[in-house]
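Below are two complexes that have chain A in common, paired first with chain B and then with chain C.
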Partner chain A sequence: MTLDTVKHADETPDVEQPWQELGLKEDEYARIREILGRRPTGAELAMYSVMWSEHCSYKSSKVHLKQFGEKTPANDAMLVGIGENAGVVDVGQGYAVTFKVESHNHPSYIEPYQGAATGVGGIVRDILAMGARPVAVVDPLRFGAADHPDTKRVLPGVVAGIGGYGNCLGLPNIGGEVVFDSCYQGNPLVNAGCIGVMKHEDIHLAKASGPGNKVILYGARTGGDGIGGVSVLASETFDDTKPTKRPAVQVGDPFQEKLLIECTLEIFKEKLVAGIQDLGGAGLSCATSELASAGSGGMRVELDRVHLRDATLSPEEILMSESQERMCAIVEPEHVDRFLEICEKWDVIAVVIGEVTEGERLEIFWHGEQIVDVPPRSVAHEGPTYHRPYARPEWQDALQADDANKLPRPQTGEELKDQVLKLVSSPNQASKAWITDQYDRFVQGNTVLAQPEDAGMVRIDEETNLGVAMATDGNGRYAKLDPYTGAQLALAEAYRNVAASGAKPLAISDCLNFGSPEDPAVMWQFAEATRGLADGCLQLGTPVTGGNVSLYNQTGEVAIHPTPVVAVLGVIDDVNRRTPIAFAEEGQLLYLLGDTREEFGGSAWSEVIHQHLGGLPPAVDLDREKLLGEILISASRDGMIDAAHDLSDGGLVQAVVESCLRGGTGARLVVPDGLDAFTFLFSESAGRAVVAVPRSEELRFTDMCGARGLPATRIGVVDGEEIDVQGEFSIALSELRTAHEATIPALLA
Partner chain B sequence: MARVVVDVMLKPEILDPQGQAVQRALPRLGFAGIADVRQGKRFELEVEGPVDEAALARIHEMAETFLANTVIEDFVVKVESEVSAEVQS
Partner chain C sequence: MTTRIGVVTFPGTLDDQDALRAARLAGAEPVSLWHRDKDLKQVDAVVLAGGFSYGDYLRAGAISRFSPVMETIIEQAKAGMPVLGICNGFQVLTEAHLLPGAMLRNNHLHFICRDQKLRVENADTDWTVDYEQGQEIQVPLKNMDGRYVADERVLDELEAEGRVAFRYLDVNPNGSLRDIAGITNAAGNVVGLMPHPEHAVEPLVGTGRTDGLGFFTSILKKLVNA
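Now for the complex of A and B:
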C-alpha cells in the first residue's frame, strides 16, 4: 500500500481518482485541482468531498438561508448568531441560553435505535461546544402511516434510542412532536433539539488562533464509523484487498458522552481552552478545517497520533470517521498539562495531535510524510454555491383549488359527536403518552412543564426561579398547500405555544426538512418556506439563531411534504407563574381568544374524516399572534388565567378535550353567535387560544382584552364529567379518555 | 432434540461500549494483558425434529431477521451435539 503523499500527487498528476464515487461533480473536482495547483491527494480528496457535500456545505440552500441574516430583527437578546455551533441568547440575570435543532433522518431509517441515539448525542455536543451545560432535549419526530408495518420497525427503535441516550445522560426530554403521514414512510424525520445554559462570560467559540497553541483531540477513540462513502477511496485507489465496505452506521456510547460533558465543563471552568469544536458530520476533516479557517488559518496535524479503535484504518478514513463522543480543543501550551490531567481524571482519552502555525495552510502528516496541504478556508467555507433552478410546481394550482371547505360536513349533533371521537382517537391527534412516557422528563428536578403541555419548561436558577421554555412545531400538510404560509404557521404555532405557557418568545432555531434540491418543485418549496420564515421572524422580532437543513428526504421520485420545523425559545422570570393546559377548577370560565373563520384546508378534520389534502392553509396574521402572545403572558404573570391551550391542528374541540382530560374535569360549551357548531369545533384558524379564567378575574381579563383589541368570546364553563356542546351532543370524559389514549398503544405496543 | 447455536457479534468496525467497559475494568481488577474485548450474544435453540437443511434455512432466516440486527451485527449458526448427551456430561 503506497501512501498518497503531497509529493506523490505532484509527481503523478494523471492518476485516476474516484471523485465521482465520493459524490463530487466534475466541475467541483476541477475546482479542487485549480485551488491546489495539482491533483489532490487521497486524503485531500476525502476532505473536500465530505466538506463540499450538501450536508456540510449547504451548497443548494445557502443562497436562500442568507435571508435569515439579512432580515434579522433588532433584538438585544442575541449574543451569538448564525455560523457558530449554536446561537446564544441573553435570558437575563447574567444567564445565556444556547439552543439548536438538527436532523438525523437518514441514519434513523437505516438503524432506528442508533440513528436516533447519535442524533441526540450530536446536538448535545453542539450545545456543549458553546460553553454551556446541556439542560434539556426535545424531539420532533415524523413517521409513515401509523398502521404501516415498517412504522412498527422504525418508531419503537427511534423512541428507545432517544430515551436510551438521553436518559443515560441524565437530560430531561421536555417536548417535541410525533406526526404520522404516509409521505414519511420511506423517510422518517428524526429531529433533535437541545437547550444549554451558561453565564455570559462562559461563551466559547470555535476558532484556532495563536500560533504555538496545541490542538487536542479528546473523547472516544476513532473507529470506522460512518465512513461508508469514503471506503471507495480506501479500497479502490490504494488497496484492492481491503475486506469490508465500512458501514455508514455510528454507534453511540452515552456514558462516554456524560464523561465528555463533565470533563469539558471542568475544562471550561478553569479557562483552559482558546477554541473548541465538537466532532460531528465529517469528523476531523470538519473540525480541523473549520477551527483553522475561523482562526488565523495555519494548523499542522500529526494524524498518526490519533487514538484508534481499529488499527487498520487508513489516514483518509481517520479524517472522515464520524465516531461519536469526540471533541477538538485549541489550548495554550502552558495549559496543556492541566488539560490532560482533567481528561485523565474523567477517564477521557486525550492526545495532542498538532498545533496552530503561522501562515495559512492546513498541513496534515502521516508518520512524518505530508498527505494534506490546503488552504483551510477552501475546504470549510469556499465550497460550491448553487443557484438551483426553482419553479412553482404545475400541480400546486390544482391542489389549492381542491377546496377543503367544500367537503361534506356533519349535519346533526350525532354526526358531530361521531366525528369528534374519530378526531381525538386518530393517530395524529391521539395521546402520545405511550411514546413520551419512555423518556425521562423530570430528571435533574428542574422540569416544570413537559409533554403533553404546549411547551416544555425548565427552571434554570433555583434561587430566582428563572426559567426557559421551548416548543417545536411544523405542519407538512399546511406547507404542502402553501410553503410560504406553512412555514409561518409553524413559526406562529411554536410562538403561540411558548406564550401560552407564560414565557416570552425570544428567538428561534429551525430544522428544514425537504426533498431533493435537484427537483425545481422542491427547490421552490424550500425558497418559499425560507422566505416565509425569514419574513415571519422579522415581523415577530424573533431572530433565527441557527439550525439545520436536511435535503434529499424522499423515496424514489416522491419527496416528503415540505416540513420546516421551528423551535421557539422563550424566557419566564418566575416558573411559578407558568400556565398549564389543564382545566382543573370547576366553575372557571372558558374564553376563546381570536377570530374563528371557515378554514379547513390541510386540517386534521379533512385528513381524518375525508383523507383529503387540498385548498389553502389557514391565514396568518403575525401581528395578531404577537398581541395574543402579549395577552397570554400578561394574564399568566398577573394571575388572571389558570389554564391556556393554543388552538392548532384539530381546532377548538381537540384543545378542549386535551385540557379536560389533563385536568380530569368536564366542560359545558355554548356555540357563540355568528358561528355554526361545526366551524366552532373543527376550524383551524390561527392566532387563537382557549383559556380558563377564575370568576373573580373575569372582568379584569375581559377589560384587558377589550382595551388591547383582542376578541375574547365566552364559550362555556369548566364543569361536570362530560364535554357537552349545548343543543348538539355530549360525550362522557371516560369515553373520550379511552378514545384518546388507546390508539397509540394498540398500534405500537 | 438437537441444539443449534446462533452467535451474534457486533461487526468489527462497530463501537462496542460494553466490551470497552469490560476491558477498562480488567486491569483495575488485576487481570493484565488483555488488549481488546468484544462482547456478543449467544442463542441456544432447542430444535424440534431433525436439523436438516430446511430447519437450518429457517434458523438462518430467523437469525437474519430477528436474532441479529444485520445492519450492525454479524451472526454464525452452529449445530451442536444432541442435547441429551450434554445433560449427561
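Now for the complex of A and C:
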C-alpha cells in the first residue's frame, strides 16, 4: 500500500484518479490540477471533492444567495452576518443572540433516527462555535402523506431522533412545524434550528490567525461514519481488501455533545480560544481549510495525531469523516495546558494536531510525509460557481389558472359545520401534541412559550426578564403556485407569529428546500423564492443572518414543492408581557385585525375539502404586516390584549378553534358585515390576526388601531363551552377537541 | 444561618441549574456539587437532578451511583441527611439502593413530556411537610425510563408503611405499578420521584404553576425546625 504523497503525485502525473466517482466534473478536476500545478494527491482530491460539493460550496445557489447581502436592510442589531457558522444579532442589555436553521433531509430519509438526531447535533455545534450557550431548539418537519405507510416509518424515527438527541442535551424544544404532503414522499424535510445566547464580548469567529498558535481537535474520536463518496477513493486507490461501504449516515452521541457544550463554554469563559470551528459536513477537510482560509492562511496539521475510533482508517478517510461531536480550536501556546485541563475535567479527549503557520499553504502530514499542500482559499472559498439555466415552467400558467376561488363552497350552516370539523381534524391542521410531547420543552427553566403557541419564547436574563422568541414557517403549496410570493408569505407568517407573541422581529435565518438545480424549472423556483425573500427582508427591515440550502430533494423527475422555510427571531424586553394564544377569560372581546378577501388558492380548505392545488396564493402586503406587527407589540406591551393568534393556513376558524381549545373556553362569533360566513371562516388572506381584548381596554385598543389605520373588526366574545357562529352552526368544545386531537395518534401511534 | 442545598452535576445532568434556581427561590443557598468530588461542602441537603447522567449508558443511574460524590451521599443519607432524587436522580437512588424498586422504559416506548397531576400521599417526609396530606399538585413530567416497578412484596410494604409519597392522577403516563410517581425511605429523609418539581417554581415559565416549590420550602422548614 503506497501512501500518495505530494512528492509521489508530482512524480506520477498520469495516474488515473476517481474524480468522477467522487462527484467532480471534468472541468473541476482540470481546475484542481491547474491550481496545484500537478495532479492532486488522493487526500487533496478527497478534500476538493467534498468542499466543492453542492452542499459545501453552494455552487448552484450562490449567484442567487448574493442578494441577501446586496439587499440587506439597514439594521443596527446585526453583529455578525452571513458566512460565519451562524449570524449574530444584538438584543440589548449587552446580550447577543445567534441562531440558524439547517437541513438534514437526505440522511433522515435513509436513517430517520440518526439522520434527525445528528441534524440537531450539527446545528447546536454551529451555535456553540459562535461563543454562545445554546438555549433552545426548533424543528420544522415535512413528511409524505400522513396515511402513507412510509410516513409511519420515517416520522416516528425522526421524532424519536430529535427527542433522543435534543432531550439528552438539555435544550428545550420550543417550536417548529409538522406538515404532510405527498410531494415529500421519499424526500422528507427535516430542518433544525437552534438559538444561542452570549454577551457581546464573547462572540467567537472561525478563523486561524497568529502563526505559532496551536490547532486542537477535541471531542469524540474520529470514526468511519459519514464518509460517503470518499470510501470510493480509499478502497479503489489504496486497499482493495477493506470494506468499501462505510455507513454514509453519521451516528450521534448526545451525551458526548452535552460534555462538549459544557467543556467549550468553560473554555470560552476563561478566554482560551483565538478561533473555533465545529466539525460538521466534510469534517476535518472543512474545518482546517475554512479556519486557515478565513485567518492568516497558513496551517500545518499532523493527521496521524487525530484520535481514532477505528485504527485502520486511511488519511483520506480521516479527512472526510463526518463523525459527530467534534470541534477544532485555535489556541495560543500559553493557553494550551489550561485548555487541555478543562477538557480532562469534562472527560473530553483533546489533541494538539497542528499549528498556524506563516505563509498561505495548508499542509497536512501523515507520519512525517506530506499528503496535502494546497492554498486553503481554493478549497474553502474559491470553489466553482454555476450560472445554471432557469426558466418559468410551462405548467405554471395552467396551475395558476386553475382558480381555487371557483371551487364549490358550502351552502348551509350544516355544511359549514361539517367542513370545519373536517378541517381541524385533517392531518395538517390537527394537534401535533403527540409529536411535540416527545420533546422536553421545560428544561433550563426559562421556557415562556412553546408549541402550540405562535412562537416559542425563552427568557435569557432572570433579573431583567429579557427574552427572545422564534417562529419558523413555510408553505410549499403557496410557493408552488408562485415561488416569489410564497417565500414572502413564509417570511410574513413567521414575522407575524413572532409579533403576535409580543416580541419585536429582528432578523431571519432560512432553510431553502428545493428539487434538482439541474432542472431549469426548479432553478426558476429557487431564483424567484430567493428574490422574493431578499426583497421581503429589505422591506420588513429584517436581515438574513445565514441559513442553508438543500437541493436535489426529488425522486426521479418529480421535485418537492419549492419550500423556503423562514425562521424569524424577535426580542421582548420583558417576558411578563408575552401574549399567549389561549382564550382564557370569559367575556373578553374578539377582534379580527386586517382585511379578509376571497383568497383560497393553496388554502388548507382547498386541500382538505377538494384535494385541490391551483390559483394564486394570498396577496402579500408587507407594509401591512409591519403595521400589524407594531400594533400587536404595542398592545402586548401596554396590556391591551390577553391573547393573540395569527391567521394563516386554515384561516380564522382554525385559529379560533386552537385558541379556544388551548384556553378551555368557547366563543360566540358573528359574521361581520360585508363578508359571507364561508369567506369569514376559511379565507387565508395574509396580514391578519385575531386578538382577545379585555372589555376595559376595548376603547383604548380600537382607538389605537383606528389612529394607525389598521382595520379592527369586532367578531365576537369568549364565552361558553362551544364555538357558535351566529345563525350558522355551533360545535361543542369537546367535539372539537376530539376531532383536533385524535387524528395524529390514530395515524401514527 | 442560611440553609445550604447542594445540587450534584454528573456528566450528562441537565436540570441542575433548574434545581439550583428552585433552591434559591425557596430561600436556600444553592451550592453546586461535582461528581468527582467527595466533598459535600457542608450542605444541609442534596438534590440529585434530572438528566441523562453518563448518557444513561448501561442503565439509567447505574454508573453515577459509583461516582465519588455518591460515596459520601450514600453514607450521609444513611445517617439522616435529606436527599431528593428527581427523575434521573430517582433512578440513581434506586441504583444506590437508597430506595427500593427500579425504573423501566415507559410502557408506550416514547419519551413523554407533559403537565402531570399528582397526589401527595405522604406529607410527612422531609421534602413534603409543606404540603397537605392528599393534596393534588401539577408539575411537569418528562422521561423515557419512568415506569416504576418493584415486586409485589415490596409494593405491599411501601403501601403499608405509607412510603408511596406521590401517585399519578388522571393519567398513568408510563405504566408505573400502582400509579406510583415517587417514594420515600422509611426515615422520610430520602425521597425520589419521576416528575419535576423544580420546573414548577415560577408563574412565568414552564407550565405557569408553582406547585413544585413546596419541595424546597418543605426542606427549609424541616431543617430550620430541626
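Criterion: the second predicted complex is superposed on the first by the 748 of 749 C-alpha atoms of A that agree within 3 Å, B and C clash if a C-alpha of one lies under 4 Å from a C-alpha of the other, contacts with A are read in each partner's own complex, and residues count from 1 in each chain.
Everything below uses one rule, namely that a residue touches a chain if its C-beta (ideal position, glycine included) is under 8 Å from a C-beta of that chain, and two chains touch if they have at least 3 such contacts.
Predicted model only: the values in this text are computed from it and were never measured.
By the touch criterion defined above, A:48 reaches neither chain B nor chain C. Contact with both chain B and chain C is seen for A:347 once the two complexes are overlaid on the shared chain.
Of the two partner chains placed by superposition, chain B and chain C are both touched by A:255. Contacts of A:220 after superposition: chain B is touched, whereas chain C is not reached. Using the contact criterion defined above for the overlaid structures, shared-chain residue A:440 touches chain C, although it does not reach chain B. When the shared chain is aligned, no partner comes close enough to touch A:514: not chain B, not chain C. In the overlay built on the shared chain, the residue A:110 is in contact with chain B alone; chain C does not reach it. By the touch criterion defined above, A:19 lies against neither chain B nor chain C after alignment on the C-alpha atoms of chain A.
Looking at the shared chain after the overlay, A:164 reaches chain C, while chain B stays out of its contact range. In the superposition on chain A, the chain among chain B and chain C reaching more residues of chain A is C. Residues common to the contacts of chain A with chain B and with chain C across the two structures: 253, 255-256, 347.
On chain B, the positions that touch chain A within their shared complex are 10-17, 20-21, 24, 69, 71-72.
Chain A meets chain C in the complex at residues 160, 163-164, 167-170, 253-256, 258-259, 346-347, 436-448, 459, 462, 465, 575-576, 749. The residues of chain A lying in touch with chain B in their complex are 110-111, 114, 220, 223-225, 244, 246-247, 249-253, 255-256, 309-310, 323-324, 347.
Considering their complex, residues 11-12, 14-15, 17-18, 21, 50-52, 54-57, 108, 110-114, 140, 142, 144, 196, 198-199, 201-202, 204-207 of chain C touch chain A.
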